[in-house]
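Presented sequentially are two complexes of subunit A, the first with subunit B as partner and the second with subunit C.
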Partner chain A sequence: MTEAPPAVEVLGMTKRFGDLLALDGVSLALAPGSFHAVLGENGAGKSTLVKCIMGYHRPDAGRVLVGGREWAIGNPRQAHRLGFGMVYQHFTLVPSMTVAENLVLGAEDLPAVIRWDEERAKIDAFQRRMPFAIDPARPVATLAAGEKQKLEILKQLFLGRRILILDEPTSVLTPDEADQILKAMRELTEEHRLTVVLITHKFREALGFAREVTVLRAGRRVGGGLVKDLTRDDLARMMIGSASIPDPAARQATASRAIGLEVESLNVLNDKGTVAVRDASLRVHAGEIVGVAGVSGNGQRELVEVLARQREPASGAIRVGGAVYARTRAEMRRHRVFVLTDEPLRNACVRTMSVAENLAFRNFDDRRNTIGGWLVSRRALRAQARALIERYRIRTPGPQARLETLSGGNVQRTVLARELSEDVAVLIAQNPCAGLDFAATAEIRARIMGARNAGAAVLLISEDLDELLELADRIVVMFEGRLVHETSRETADAHTIGHYMASQP
Partner chain B sequence: MLARSGAETAAISAAALLGALVLFGAFVALRGLSPLEVYAALFLGAFGTWFSIEQTLTQAAPLMLTGLCTALPARAGLLVIGGEGALVVGGVATVLVGATLAGWPPPLAVALMCMTGALAGGLWIGAAGALRHWRGVNETICTLLLNYIAIAVMNHLVTGPIRDFAQVLKPASWSIGERLMIGELPGTSVHWGLAFGVVACLLTWGLMRHTTFGFAVDILGGNVRAAQMAGLPIGAMVLATCFVGGAAAGLAGTIEIVAVHGFASSSLVVGYGYAGILVAFLARQNPLAVVFVAILLGGISASGGLLQRRFGLPDAATLVLRGLLFVAVLAGNTLYGRFKIFRPPAA
Partner chain C sequence: MPPATDLGWWGVVIAVLGGAARVSTPYLFVSLGETLTEKSGRVNLGLEGTLVMGAMSAYAVAYLSGSPWLGVLVAGAAGAAFGLLHGGVSTLPRVNDIAVGIALFLLGTGLAFYLGKPFIEPVAPRLPHVALGAWSASPQIRAALEVNALFVVGAVLAPLLLWGLGHTRWGLVVRTAGDNADAAKALGYSVGAVRTLSTMAGGFLAGVGGSFLSLYYPGTWNEGLSSGQGLMAIALVIFARWNPIHCFWVSLLFGGATALGPALQSVGIASNYYLYGAAPYVLTLILLIASSSPRHALAGAPSELTISK
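Up next is the complex of A and B:
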C-alpha cells in the first residue's frame, strides 16, 4: 500500500452498440493521486467508459496506457492485475459472511487452505493504515449501508488495487455517510496512495470532492477541467447542453382538507418475517403531497408494497376517501388509486408484453377497450397506446414493440403514462425519478405536482431528500419502520431530517 | 417487430428440433444403424400411409388434452405436471358415473360422463392450485405427488371395490358397456377423442388470446407483482387456469374410457400425462400450437412399433428421442434474445 498508483491515460475510447454510438473518442488522463469526477446524465456514456477501461466491454477504438505502456485489457481480471478496482452502486458483498471473510474472498490467488490467524493479522495491520475501519468479525448483514460501502472500498484497497473507479457510490447513503466516504477518498488521493475516478450525476459530489472533472454528454466529452475553475452553472450547461428543462411546476394553493389516504397503526412484516413497518399512522389530504424520507431499507419498500397490494399487512387499517380500502381492482378504479414505483420492470410491467398491452393494465377491461365487455379489443388498445406514446413522448419502435426493447427511461415513461393519464385521486409514488435524466426528472416532478394541484392526495416515498424538499407539503421521516419525525414544508431542514434518517436526533 | 420475434421463435424451435435429431442420430449410429434410414422409417411410421396417419392422430388426441393441463397453468406462471394423475382421476370418475347410466340415452350419458371426467380432473389440479395460492405449496411437487396418489387410488378401486371379476387378464373396473362407447370419426379409424382435443385447444386458445381473462392471466404469468398492483384477482385466476387445465386432462381420461377401453385399469397409466408436459413446452404454452406438437409427438409414438420391427430398436427408443427433444427445447429457451438479427433496430 505504500506504492503510489501508476499514471493512467485513456485515449480516444469509442464504443458502438448496434447503431448507437455510446462513446465517441473520449480521453481521460489520470495522474497518480488524482481525484477525477466523470459527470453526466443517465445514458451519457459514463458507465460504458469505465466498463471499457475495466475490460467488460471491448472498445471499438481507443487505448489504455498504464505507467506509460499500452495494455490491451480484455477482461476484468487483467484490469485488476494492473491495479484497477471498481466499486458499484449496489453491494457485491456476501451478507451471511463476516467482514474478514468478505475481504479475503476476493483475492484471485486464494490458497486451498486459508490461515485465518495470518489473514486477520494482515487485515488488522491494513485497517490501521486506512481512514476508516470496520470490526472484521461482524457479519456483513449487520452493517449499515454506509459501512457496507466503506467495506466495498476497503476490499478493493485490501486486494491491492490503486486506481479505484467508484460508480455512483453514494446512491444508497445518507448525505452524511456520503460526505464521510468521499472525504476519506480525497485524503487518500492527497497522500498519493490512490487514484480515484468518481462516476456521478451529482454536482455536489463533483464540486465538493474531486480535483478534476470530465463532463460527458451523449457519449462525448463536452467539457471539464480543474474543479476550482468551474462553477455549478458551468457544469450544468455542459451536462444538459441545449435541452430545455421544464420549469418546476408551481405549487398552487389547494383548499380541500378532505382526507384522501389514511393509514392507521399499520404493521407490516418483511420477507424474513421481521417487522418492517411498525405502528405507522399517517394521513394524506386531497391536494397535498406527503413525503416519506429515509435511508433505503427502513421499511419504505414494505409500506409501498402494502399500499400497492403486493404484500399483506400484519395489522392496521388503510382507508381511502374515508372508506376502508381492501385494494381490489374495483376499489382501485372507484377511488382512482394509482402507483408509481422505482424498478418498473420488476414491480409494474411485463417485459415480454407489448407497450400497448403494458399501457392497458389498468383499463383493458374497461368498456371502451372491450367488445361486449369480455373480449379485448386490440384495436382499442393500440389506439390508446398511440395517443399515450405521443403525449408522454415514449420512444418506442411502435405500440406493438415488446416492453423489454425500450430503454429504462422509456419504460418509466410507459408506467407514468398508464398511472397518471387518468383522473388521479390518490397517488402513491416511490422514487419515481430514480435513474432518470434531468429533463425526465423535471417532467415527472411537474406531473406529480400537477396531480396534487388537481386535488390528488400524493404519498411520495423517496430516498432523494432534495426531491422531497422540492415537492412535499409535509415530510415524515421513516427509521427502522417507524415514522419518527414530522415537519411541514415551511420548517423543513435538510440537516435535521438527515439526523432523524440516521436516528441521531 | 412481431415478424422478427415470430422468426426468432421459429428459428430457435427449428434449431432445437434439428439438434435433437442429430443427437438421436448419433444414438442410433452407435447401435450400428444408419440415422437416415431410421428417420425415413420414423416418418413412414408416423405419416407415410393413411393407416399410420390414423395411428398418429389416435395417439395425438389425448396428448392435446394433457398438453393443455400443463400449458394453461403455465400461462399463469405455474409449472403443473399433474396431467397423468388428472387423466386417471377423470377416467375413474367416468367409470363410476358411467356404470350407473346403463339405461340412459347414449348422447346424454356420454355428455354426463364427459362433464364428470372434466370436473374430477379440474378439481384434482384445482386443489393443487388452491394449495399453491393459499398455502404456498409448490405446485410442481404437489401435482407430481398427486399423480402417485391418483394411480394408487385407482389401483385400490380396481382391485377391490369396483373390480369386475369377469376381466381375467388384469384387474379392471366395471365396464360402462358397449352401448355407451363412442365410435370413430366417420370414414376413419380415429376415435372421437381427436375432435374433443382439437376443439378444446381452439376454445382455450380463444380464451387466452382474445378475452379479458386471458389478458389478465398473461399479466399474472409475466409478473405477479404487476398483477398484484393492477388489483387482479390472482387466487381466482390461479384456480381457474388449474381447473381448466385439469379438466382437459380429466376429459382425456373420459375419452380413454368411452372411446378406447370401456373400463378403468392400469391401461390408463401409459404416460400420456407426462408426454403432455413435453407437448406444452414444445408449444411454448400456446394452445393452438399444442394441436400440432401433439400430432408430431403422436407420430413419434406411433412409429415406435415400426422401428422395433425393422431395426430391432428397443421400445424405449422413441422415449429417448422424446427426452432429447425436451432437453433440446429447454436448452433452446435460453437462447432467446441472444441473436442480433432478431433484435429490432435501435429506437
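Up next is the complex of A and C:
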C-alpha cells in the first residue's frame, strides 16, 4: 500500500463502432499521483476511452505505456495486473454477500480455505489507513448508495490497484457524500499513493478536486490543461464548441388552480415487506411543479413505482383530474399521464430493442402508427424516431440501433423524448437529469418548466436540491417514507430543507 | 378404533420419524446438489433423470461387483457426467438451462430404463445402516430407528456445504457467479465454467441420492422406483431458501409426510391410505402458496437464476 503508482501514457487511442468514430486519436498522460478529470458531452467518448484502456474494448489504434513500457492490454485482468482499477456508475458488488466477502473476493492470492479471522484482521488494518471505513460484517444489500460507492473504491484499493478510473462515480451520491469521497481521493493522490482519472459531468467536482483536465467532444480531445488555469466558462466552451446553451425557461404565472394529481394517505411496502411510504398525502395543481426532496432510499423509489404501476400500494387513493386513477394504459392515455423513472435503462426501456421501438412504447398502437388499427407500421415508427432523434439531439447511429449501444446520457434523452414529446397533463419525474451533461441538463429543465407553463401538473422527485430550488413551486421533504416538511418556493431555504432531509427535527 | 400395537400412538410417531430419515435421503441429496447448482446461477431440472440413472447404475454396479459403495460412487459419477452435459450445453449462447434440464430429465429416465432391463430380476447387495435404536428392547423401535448410512452422510454434508459456501474460495466464486455474473467476469472467472462445475457437483449428489433408492429403500431396481422425488427436491430448494441446513429440515419434513400413510397403516388405520399417500404433494402445494407473494421478491434467491429474473 506504500508503493507509488507507475506513470501512465495513453497515445492516439482510436475506436470505431461501425460507421461511428467514437474515439479519434485521444492521448492522455498520467504522472504518478495525478488527479485527472475527463469532461465531455453525453456520447463524447469518455466511457469508450477508459474501456479501451481497461481492455474491455479492443481499440482500432492507440498504445498504453505503463512505467515507460508499452503493454498490450487484451482484457481487464491484464489491466488489473498493471494496477488499473475501475469504479463504475452502477455497482459491481455482490449484494447477497457481506462487505468482507466482497473485499476479499478479488484477491489474486485468495487461499482455497479462507481463514476469516486472518482476513478480518487484514481488513481492519487496511481500513484504519483509509479515509473512510465500513463495517465488514454488513451484507452489501443493506448499504446505502453512498456506502456502496465507498466500498467499490475501498475494494479497488484493498486489491492493490494504484490507478483508479472512476466513471461518473458520484451520480448516485448526495453532494456531501460526493465531496467526502473525492476529498479522500485527492488526499491519497497528494500522498502519491494513487493516481485518479475522474469522469464527470459536474464542473464543481472537476474544478474542486482534480489538478488536470481533458475535455472530449465527438471523440476528440478539444482542450484541457491544469485546473488552476481554467474557469468554468472555459470548460463549458470547450465542451459544447459553437453550440449554444438553452436559456433557463422562465417561470410564467399560471392561473388554473385545478388539482392535477392527488395522492391521499398512501402506504406502500417495499420488496422486503416493510413500510416504505407512510401515510403520504399531497396535491399537485395544474401549472405547478411540486418537488420532493430527500436522500435516496427514503421511499421515493416506491412512491414513483406506485404511480407508474410497477408496484401496488398497501392502501390509499390516487386521483388524477379529480377521478380515481387506476394507472391502466387506457387511463394513462386518457389523462395524459407521463412518467420519467429513475434508472431508465432498467425501468423504462428494453435494452435489446431498437431506439425506434423504445421511442414508440407509448404510442405504437395509436392509429397513426398502425395500418388498419392493428398492424404496427415499422415505417411510421422509424419516421417518428427520426423526428424525435433530431428534436432531442439523441446521439445514435440511427433509429435501428439497439438501445444498449447508446451512451448513458443518450438513453436518458430517448426516454425523455418519449415521455415529453406529447401533450402532457400530469408529469411524474424522478432524477430526470442524472447522468446528463450540463447543456442537456439545462435543456431538460427548460422542457419540464415548459410543460408546467403549458398547464401540466408536475411531480418532481429529485436528490439534487439545487434542481428543486430552481424548478419547484413548492417543495416537500420525504424522510423515512413520510412527508415531513413543506415549503413554498418563496420561503424555501436550502439549510432548513437539508436539516429535514437528514432527520426529523 | 384403538391402535393395534403395544406402543400405541407412540408407534406412529416413531414410525414417522424412522420413515422420515429413510424417505428423506434422496430428497436431501438432490436438494443439496440443486442448491449448489442454483447458487451458481443455473437451474438443473434434469435431476429426476439423474436420480433414476443413479439408481440404475448403482444397482447394476453393486450387483456386478458385490460392493454397494462402489455402486454409490458410480452413481455419483454418472450424475456428474449428466451435470457436465447440462452445464456444457447450457453454456452455449442462446441455450436455456430450463429446456436443457427437461431434455436431460427425459434422456436420463429413458436411458436408465433401457440399460437397466437386465437388472430388474437379480438381487444386489444393500447399503448398511446404523442402529440408533439399539438401546431399546422394543423390536418396533429398533426397526424404526435403523438409520441408513447415506442419511448420516447427507446430514454431515449439509453443514459442510454451508461452511464451504462461506469459507472457501470456491464457495465465494460460486455465489458471485450466481448473484452477479458481471462481477464474476470482472474478477476474471469464467462464469460458464464455474456453473458447469457446480452443475457437475450437483449431479454427483443427485446420482448418489438415486443409489439410495435402489440400494437401500425400496432396495430394488425397477422402472417405478422414483415417483418424482427429483422434481420435488427442486421445489424444496425454493422453500429452503437456498440454505443447505434448511434443505436438511425440509427434506425431513417431506420424508415425514410421505411416511405418514404407512405409519398409520402399521397401527391399523388403513382407510384413506391413498389420501395420506398424497400428503407430500399437498404439502408441496401448501408450502409453495404460503411462501409466495406477489409483492416481495424471493429472499435469498440467487439473482442470476432465470426463474428469479
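The rule is simple: the second predicted complex is superposed on the first by the 386 of 505 C-alpha atoms of A that agree within 3 Å, B and C clash if a C-alpha of one lies under 4 Å from a C-alpha of the other, contacts with A are read in each partner's own complex, and residues count from 1 in each chain.
Heads up, the rule we're going with is that contacts are C-beta pairs under 8 Å (C-beta built on N, C-alpha and C of every residue); 3 or more make two chains touch, one makes a residue touch a chain.
Fair warning: this is a prediction, and the values are worked out from it, not measured in the lab.
Colleague: Pick one for A:106: touches subunit B only (first), subunit C only (second), both, or neither.
Modeller: Second partner only.
Colleague: Contacts for A:346 in the overlay, against subunit B (first) and subunit C (second): which applies, first, second, both or neither?
Modeller: A:346 sits against subunit B, while subunit C stays out of touch.
Colleague: First (subunit B), second (subunit C), both or neither: which does A:116 touch?
Modeller: second
Colleague: Touching A:309 in the superposition: subunit B (first), subunit C (second), both, neither?
Modeller: In the superposition, A:309 contacts subunit B only.
Colleague: Per the contact definition in the header, classify A:265: touching subunit B only (first), subunit C only (second), both, or neither.
Modeller: After superposing on A, A:265 lies clear of both subunit B and subunit C.
Colleague: Of subunit B and subunit C, which one contacts the greater number of residues in subunit A?
Modeller: Of subunit B and subunit C, the partner in contact with more residues of subunit A is B.
Colleague: Between subunit B (first) and subunit C (second), which does A:92 come into contact with in this model arrangement: first, second, both, or neither?
Modeller: second
Colleague: Quick check on the superposed pair: does A:398 touch subunit B, subunit C, both, or neither? Answer first, second, both or neither.
Modeller: The first partner, subunit B, only.
Colleague: With both complexes overlaid on chain A, does A:364 touch subunit B (first), subunit C (second), both or neither?
Modeller: It touches subunit B, and subunit C stays clear.
Colleague: Have a look at where A:80 lands relative to subunit B and subunit C in the superposition and call it first, second, both or neither.
Modeller: The answer is second: A:80 touches subunit C but not subunit B.
Colleague: For a test of understanding, state which residues of subunit C touch subunit A in their complex under the given definition.
Modeller: Spelled out, the residues of subunit C in touch with subunit A are 166-170, 172-173, 175-176, 179-180, 182-183, 186-188, 293-297, 299-300, 302-303.
Colleague: Would you tell me which residues of subunit A are touching subunit C in their complex?
Modeller: Touching subunit C: residues 75-77, 80, 92-97, 101, 104-106, 110-114, 116, 269, 271-273, 311-312 of subunit A.
Colleague: Within the complex, which stretch of subunit B touches subunit A?
Modeller: Against subunit A, the touching part of subunit B is residues 1-2, 5, 210-216, 218-219, 222-223, 225-226, 228-233, 340, 343-347.
Colleague: Mind pulling up the subunit A residues that touch subunit B in the complex?
Modeller: Contact set of subunit A toward subunit B: 17-20, 308-310, 327-333, 339, 341, 346-353, 357, 360-362, 364-365, 370, 373-376, 395-398, 400-402, 405-407, 410.
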